[in-house]
Amino acid sequence: MAAPETLTTGSLAAPDPAGVPNEAEDGLENVAGSPRKRRKKRGVIFWLSVFWLLTILFCAITASWLPLPDEIQADVAGKLQRPGAEGHLLGTDGLGRDILARLVHGSRVSIIIGFASVGMGITAGCVLGMVVGYFRGWLERFVLFYIDVQLAYPFLVVLLALIAFVGQSLLIITMVFALLSIPLYTRVARANTLSVSQREYVMAARALGAKPARVIFREILPNVALPVLAFGLLAVGSIIVAEGTLSYLGLSVPQPTPTWGSMIAEGRRYLQDAPHVAAVPSLVMCLTVLSLTFVGDSLRALFDVRESGI
Amino acid sequence: MSESLLERSSARSSEHEQLLQVQDLKTYFPTPRGLVKAVDGVSFELERGKTLGIVGESGSGKSVLSRSIMRLLPRKTELHGQVMFDGRDLTNMKQAELRDVWGAEIAMVFQDPMTSLNPVMRIGPQITESIRHHLGVNKAEARETAIALLTSVGIPEPIRRLKEYPHQLSGGMRQRVTIAIALACGPRLLIADEPTTALDVTVQAQILDLLKVQQSERFMGMILVTHDLGVVAGRTDDIAVMYAGKIVEQAPTDELFADVKMPYTEALLQSIPRLSNHSHTRLQSIKGRPPDLVNLPKGCRFAARCPYVQDKCLAEEPPLIPITGKPDHLYRCWFPVGTAAGEAALESNRAAGKIDHEIDPAAAGEIIA
Amino acid sequence: MARQILGRIPQLILTLLAVSFLTFMLLSLIPGDPVLSILGTDNITEEMIQQKREELGLNDPLPVRYASWLGDAVRGDFGRSQRTQQPVMDAIKERLPVTVEIGLLALTGALLITIPLGSYTAFRANGIADRVTTTVSFALRSVPGFVLALLMIYIFAVWLRLLPATGWTRLTVDPVRNLRSALMPALVLGLAEVTAYTRVLRSDMIATLQQDFIIMAKAKGLPNWRILFKHALRPSMFSLMTVVGLNIAALVGGALIVETIFALPGIGRLLVDSIYQRDLVMVQGVVLFIASSYVIVNFLVDTLYTVLDPRIRHGRA
């Protein structure tokens, strides 16, 4: 008999157009699906999310100039008013402070810490990831080991510990968040650098004697930035949650600056009689995180960034 | 395998002469592109103790046909026609009723033993689970049966094998295990879907012989699905050749090899390697690809690739008709091989320079020898 | 198998050493003189400062201090609380059972929900149950733990009055009341896990259900539940195991919040209270304990793989 491969001859082994559906009969028809329909449905929610995020951003920027009652001045006589009360669209809290005003001012803390720490983390993480991915060697091994060690601490635990030892202020909290998120971006940046460095044009640039800094910033950075930024929005969401937790525990920016987390914590006392004091800031926070997750997920799907290989 | 099992299963079917009757079976898959007509009106019958070979290239619908008979299909599949098994119509059975047929009365051997055994389960329970489920025997009895089965399919040291995982066995051994699993409950119909395609050449013949031996010993009906006419040549009673979802030629095995009528069957024969060829002879392949099963051509489905093609073939689909005087040899062709009409058609195409390879007339006879 | 596990032990020890060093260095992060922070600012004398320096070994060079601190820590001596003079290890031992109980309850509950839910949504992918599950878990992902906890308190304690809002009864004192006080915290902790676990199990299960051996099992005429749980579940568990391991960190972080909100005397609460009281030695000890436990648990989860997959177990990856 001839060589085994010739048993199935050329066109006999042609790909199966009918495709024996290789699946049990139950519930596996999701693959074919209808991607178009789903994308269209996603559109409305996507734009609603974007709209919500822009609103929050607008509030955070213009908080001081908006015609709102003072967010710190207590008015014990008018405490715990329900939403819709005169002059207080979302009601007042246990000290009679306007909830809307506190929400608007509180968004500043969330937005600043969220975006600033992600910005810093991305910058540092990208540079670190690209450098170690490009030069490899002992530096890479050391950085990877450090990342493993840092990730050995549960995030919230190391966060609390650092805040406890270093202190609480907007700047310090932002820096701590940035520091703690560096490993994530370093990993993504390094993984992408490794794959990009193998491409012909990068090899060519290196062979032509281009300086490492030039290769990294001109050739590698454009390829690394997009996937890392796509993670960024999702990261902002989780940092807003973490900051909220911190301020719920009273360990974020000190009083009397309003934060969403501290508003929720104060509302807890009135859960019985005035649940809106806790519910309103909770809802705002959830919606913001939901929108960030949604937009982040959609963008990530758009850029087809996969989590695998990181 | 205990004797009582064999007796019980053979006693059940004696009153029906035909074990399996497939009537105008159609299997359509809805896809975003349109309806894929994978099986498009197939009929045949199979007696107990007989073997039917279903032959065709990839995409001819042969594998879908074998799964349609069992109704092992995705949920959204459209299935029309009738599959009478032992006097019962499988096409309108409920899932629960089907589960009593599956494994117990109809069993299947799949193409790739590397993937058809559960990698994280020991061999033992993979064999005994269907015995215990269908026959309700206890653990020890099921284990005895499993050992007997492994012995009968030629696996040495069966007791040790029961405790092993699939990855500890060679490909041929694994396929023997899947055959043992298929035989476990004494089925009356065994469907083997390309059982040797994934195996080494050296093992292929052993597995095919094992299937043949088991089939005749247990007096089962067997459907052997393959893309290789050489596989079915000495081992089946009848052969059905499928192309683009339809049977294009069907005959008793000897008759088919002796008197090919359908140009597609002839082309399939060309693609079997033979000992008499020089070792570097290029095998004939069939030019082109099977038609798109969503948009099927109007006339004969093989027309686009057929060396005998005439205008009539492109316009009208030929019916499946018997040869005069031989009612069990059916074919579907306007210009059959070996007839005056066929020769004339081939000659005219050759004259017009439409044929780029010659067909070797000695091919058909040699394969049986 | 033993060799594979032993081979990873040096890496484990190295990681533990690094974790301990970083935790040790926490004290030097304090701006200014750590002794002042530790003693507080009320009526302290130079003598007290010197005595404290000596006690903390701050007069020795850094490596010596680290070595002696580590030596103590390995022997289970994490120092003493500055407030109560209670040994840190005693405080941890006292509180650990609460955290472990809540954590285990949450983990078991999460897996008990995830395994049927993940399997079923994969089995009937894109069905109604699947769509509802996907939407709900997407929404749940955006709800911070403390908000979820408040919502639970509002529903079960304030509104339905079924469960106590806060407080803890020891298991040994009254098992029923213990369960009642553990239920809400465990639910809050577990729900977040369920969303993560279900996603992972569902996608792995969908992949497994496409495998040939599933059709083979079907062709044997086995009932669906048997195909799902005997054939498909185990090969679909690998990613789930990883996520369970990785999420233990999230569980510990969650315990911190949950214990604080529901006023449970666990490790997380101990950490938060120590921070409130600026009991920094206690904070350091608790952090070291949590981080090293987490490293060790992850190591154990990794080795679980080898038990789950016979292909790895027999050294044929």
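A, B and C label the chains in the order they appear, each numbered from 1.
Throughout what follows, contacts are C-beta pairs under 8 Å (C-beta built on N, C-alpha and C of every residue); 3 or more make two chains touch, one makes a residue touch a chain.
Model, not experiment: these values are computed from the prediction.
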Exercise. Ranked by contacting C-beta pairs, which pair of chains comes out on top?
Worked result: A-C
Exercise. Hey, which chain ends up farthest from subunit A, C-alpha centres compared?
Worked result: B
Exercise. Using mean CA coordinates as chain centres, what's the subunit A-subunit B distance in Å?
Worked result: 55
Problem set entry | Whole-Å gap separating subunit A and subunit C, where each centre is the average of the chain's CA atoms | 22
Problem set entry | subunit B, residues touching no fewer than two other chains | 72
Problem set entry | Overlap residues in subunit A, where contacts from two or more other chains coincide | 23-29
Problem set entry | Contacts with two or more other chains, residues of subunit C listed in rising order | 212, 215, 218
Exercise. So in the complex, which bits of subunit B are touching subunit C?
Worked result: 70, 72, 98-104, 107-108, 110-112, 115-121, 129-130, 133-134, 165, 167-168, 178, 181
Seminar exercise, completed: Interface with subunit A, subunit C side, in the complex: residues 14-15, 18-19, 22, 26-27, 29-31, 122-127, 138-139, 141-147, 150-151, 153-154, 158, 206, 209-210, 212, 214-215, 218, 224, 227, 248-250, 252-254, 256-257, 260, 271-272, 274-276, 278, 280, 283-284, 287, 290-291, 294-295, 298
For this session: Name, in rising order, each residue of subunit C that touches subunit B in their complex.
Result: 211-213, 215-223, 226, 230-231, 234-235, 308-311, 314, 316
Exercise. Which positions of subunit A touch subunit C when the two form their complex?
Worked result: 22-30, 33, 145-146, 148-158, 160-167, 237, 241, 244-245, 248-251, 261, 264, 267-268, 271-272, 275, 278, 282, 285-286, 289-290, 293
